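For reference, the structure discussed in these notes is given below.
Each chain gets a letter, A, B, C and D, in the order it is written, and its residues are counted from 1.
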């Protein structure tokens, strides 16, 4: 952290808006550096220029947080998910921290190290085993002296509590973020109760990330805030949603949508959708506002532009953007110039160009979660027998729909 | 051109598939380096790392062509479009050529220099004036020794002919690409006749780029090919369409869609749409197959993967991609693992998640083109009076619709 | 009631399914005999052949109830709603009872007389005044000796209680049906509590009608049943929903949809949607199953066909219908013959043929109800001043949406 | 024809607008009197009150033509299509003429007798055989002294010519109407050429009916008119389209849509769509303007209201309708009263309430027609073997789509 950069707690305690960054796995998958399926972040070692460039773009877009690209870099995950190079989780995470720090130093940003849910938990390993995985990742973050820690993308609050308990041993600020919506975690624990448990476990910031669209995530955090306040506790709040519209999701989020992960394009939010999201998040009292899968740099810039008055400044990247489309004043066609105004973009309902597609999907809904045999993790790819089982389950699901 | 890299003509004469790259202005606008409206490419000078990175991603995706990022870098455009930095078109174009060459040398790619339609033509300047602009750009390309030249994004075949005539003086191969669909150019010249005129002007490769979705562009090139063959001429064919679905466009293409340029997200093609595009383009006899606005690296990779058998190899970036989703075999949820097969993705009709939006828009349709006073270009931003005029024209357009 | 026709209570106590009829105002509006806006039923006097024919069609379709077409025939409504002929409410209702009885005698059907919410209640008249209106209508029903009574289309449970209290003085069975969804009545009384109050007021059958689509109405009745059972009471249940899909409605139902009442066509349910509705209503324990606005005879026939096994017989009109499309076996085109099977129709997702229209609307949502000055009823048509007020309210509604 | 009723030719020669009626098979199918599949009109004998009532409703709606309900009442069709009652085509057609005449006498309407395409033609019977069928039907029309004759719903102009040749022997005016769109008849004969052939065969009025939506049909008739005028001939023009939106149809029309015939509801036109249709038809020069499948009485009334100025009077049924929704001025809710204006309804884009359905379908496209073995007609229902063949053909069709 450069001397002039304020800590996360100082900022949030002062009521400052902290802009997060966007999700790296989806953005780098589209750029050719992450493999969908295993989703592992070895690019920090093999293609650092690509990871560095994405950090820079988010910094330009106004991000105050550079999350080290360490998602799923636990060794059990790397081993489990087809990672064949001989690169360890520690190597990946160290490189990730260095890249995040390098770019953070170029602007007004903090470096965060993160842990997320483990295959071990889903496969019912013990608390000790699971905590050991978090500890191994934390060791790297401490060695690299990150500015704060995030426990994010947990579908079960219990595992998130374990993560927070491990992370808080570091003395660094801890933010905890679940991949849940208003219906609560995979065992049905409500957002309010989840938040209370995370605060009690030691998190200074609580919220949700991934799995749902911005408005749904904001709603879930609103419920968290109500829960925390009702319990007489105090916390700061964060939200880092998808950049996809997901009104048709059930409790497990976008993973269950038929379009996940390779046909989500028609659901991508516009920058104008992001203005509404940022305003709503702010109104609800959330101050750490960022993004997850689907967010591109221009999405974060829109968040930063919407909150520019509250922040007291525009993001650097706005030198290449006219707020609300004003730069279209210089377009060659007069009817496009006529779009250089807020009213136009705020009310536009964009067409999909896909008249043979419906607007909503029917998500999968197996209702299985941690502990179910269908979710026991293994290293091997899907077998023919497993595939048969899945197709049967889907057929059954449809006939009762 | 590295010694082992074959020339464009050698490749096309041998029937080889040449994979183009994607559009830089849209991709870099989303990354924060190009301003929508003026769309000028000064990032080659101010942020070379961002331009270089995008070139690298397309190279990894399988592109055999690195188009120097010189779009709209003519001085009349730079002057006209709010570019306030003191950077000349020559500086931008030289830097663009250097970046393209640097990355091309890292793989199997050619460097192309391009010119496109000028504000001067729309404002009815003389043939001599317009050609002088092209010549100035060509001088840079010759100094930097690009491998071939592209005259692209012309809405009027006449201006494209002038460009080809200038470019062919260089002795380099010339490809000419119009921004038209099956209805022909803005003066109603059919695709077939356009192609004949371009071939006669000296183009070795003819085709279309931008303005329409892949299937529409392929259809237009098919009509070009029929025209050229009927005239007893010979040519190679190219196509570099949008990565947006545009079934509702009229003859002027996606610029007239209400969503242009800031709300096109729901129209973005999936990688699976790209497989269909690449196959169809190949079937029609097109061998230079690339993309324009909206194409991200993964779109080009999908084109390269679809034609991998014909090319004899997979693109480098496929080390991070399972063809037809096969890497999902290693996903944590069994129902997502069940999506690791071609049949699933090939038949999926993706939902938009936007039930309050229609699937098609009604485009603007003023029917004005080169020579109309509404299209006289000026340096100043839109005036209030002009805006009134536009809104009146739009109201009139709707009442007669 | 013909000697062989069993009473409503006998049937429901025996667990028999009683098929209702469809809504007359919408059906006769389309046939040219009811004026949308006032919606008054003077056609029973002026065009008895049209009313008789519609009764006959519902009888053929399987209806066991002929509801006399007396909706909104209270004198205050007739006076209030532009009815200029010198026909009294009593005359209309007497003619309605005669027509219903005439057709009921041709088959296995009961005659019902109905009352519904009054402008007087919305304008805050006293309980005594409102009850006097119901009593005046009841006098006709008693004179004409209908088989049972229905208090239906009430948005406020309080007014429905008053109606039930008046109707039960007759000694006839009383069914009470609210125009509410799962959110409860216009004052926020939950479906469960509404049902309890209606049962306590003396209704033997309770349920909902109009305002929402079938699945929403069934859900509301399910909540009513849970409320009644929780209160340790007993009742039978009825449902007579719209034949329009209304997933986008708020608590006031389809009246607030922008399409009401003249552009609801794209929302009309197919006969196959009706099969699902009938099955679901039956599963939930509802035994009086009919329809309201939008139901045409073929919709009722589909309900009767779905429940033919439970009823022990097919409706008479099924001599002109192959269950699940089987009569298509005799179509001239082989690909249409291939549609003569249940699986085809059960899974078909019908297209709208309207690519420029969205799938959901944003309903009005003023949140005003009984007692609000905006709802004071008057005889005069809307004034310019009132219209201004409405447009202002709508603008306000949108800006806060 | 009552003494005061002018003949079809007198009216059309005077430039008067003649309003047709709507289709009986679809309307009566929904009312329970026609069986979809065979579609035969025995209801004229078995349920005359239902047929009479529908005639009356169209008369009230403004129809100047009562088409005797004789569609598909040729004996070969009756025999072929599962008609098991011992009622002959002659009996059905005589009853149909009597009903049409009875109602026509109650207002300002002409009686028309019609013939349409025969299974015999599709099965390649001889000209003599096919003409004999038409002659048999004509004998009834002459005995009943209809006012004019219509040869309608022909997919092949050749068969329509045969019909016209038979009908004109009567000396009555003959109107000829094909079930084609702008692509022409099933053998690819263009609308213009079809029209010329029909005029030469002796038709005074030519046009199209059924198979496509109003705007498509008007377009086809426009092409017919251009063809007739180019050939230096003279004719009057008629159009009787579907009341379904069919932008996704191929050349064989709505029969090929997956929704035909039992799930077309979302495609039904609103009354406001009908205003646009009537105006467009009038502009093009068509003066016999009516409807076919899907038209309900209120659709015809909308046509008559749109052309009331040209007709010099409103239809009788408009006493129950406020033009452009004006009667909503008397609705109970102020926001519904605000809809009592043309601008509101003219620009409304109605939602489907079906977010899981697409807006367009992919029609079947076998490309088989008269003479193909798949279309040989037989009396028996579809065999299992035929069904297998169909499913194979469909699978093949999809894989090449």
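The definition used in the following text is that a residue touches a chain if its C-beta (ideal position, glycine included) is under 8 Å from a C-beta of that chain, and two chains touch if they have at least 3 such contacts.
Just so we're clear, the structure is a prediction, and the values are computed from it rather than from any experiment.
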Greatest separation from subunit D - chain, by CA centre
A
If you tally C-beta contacts across A-C and across B-C, the winner is B-C
Counting only Cα atoms for the centres, state how far subunit A is from subunit C in Å.
48
Distance from the mean Cα position of subunit B to that of subunit A, given in whole angstrom:
33
With chain centres defined as C-alpha means, what is the inter-centre distance between subunit B and subunit C in Å?
57
Would you please write down the residue numbers of subunit B that are in contact with two or more other chains?
248, 349, 355-361
Could you pull out which subunit A residues touch subunit B in their complex?
29-38, 49-50, 53, 56-57, 60-61, 80-82, 119, 122, 213, 244-248, 255-272, 296-298, 301, 317, 319-322, 325-340, 345, 348-361, 364, 366, 374-375, 377, 381-382, 386-387, 389-391, 393-394
Taking the touch rule as given, give the residues of subunit B at its contact with subunit D in the complex, in rising order.
349, 355, 358-360
Listed in rising order, subunit B residues that touch subunit C in their complex are 248, 355-362
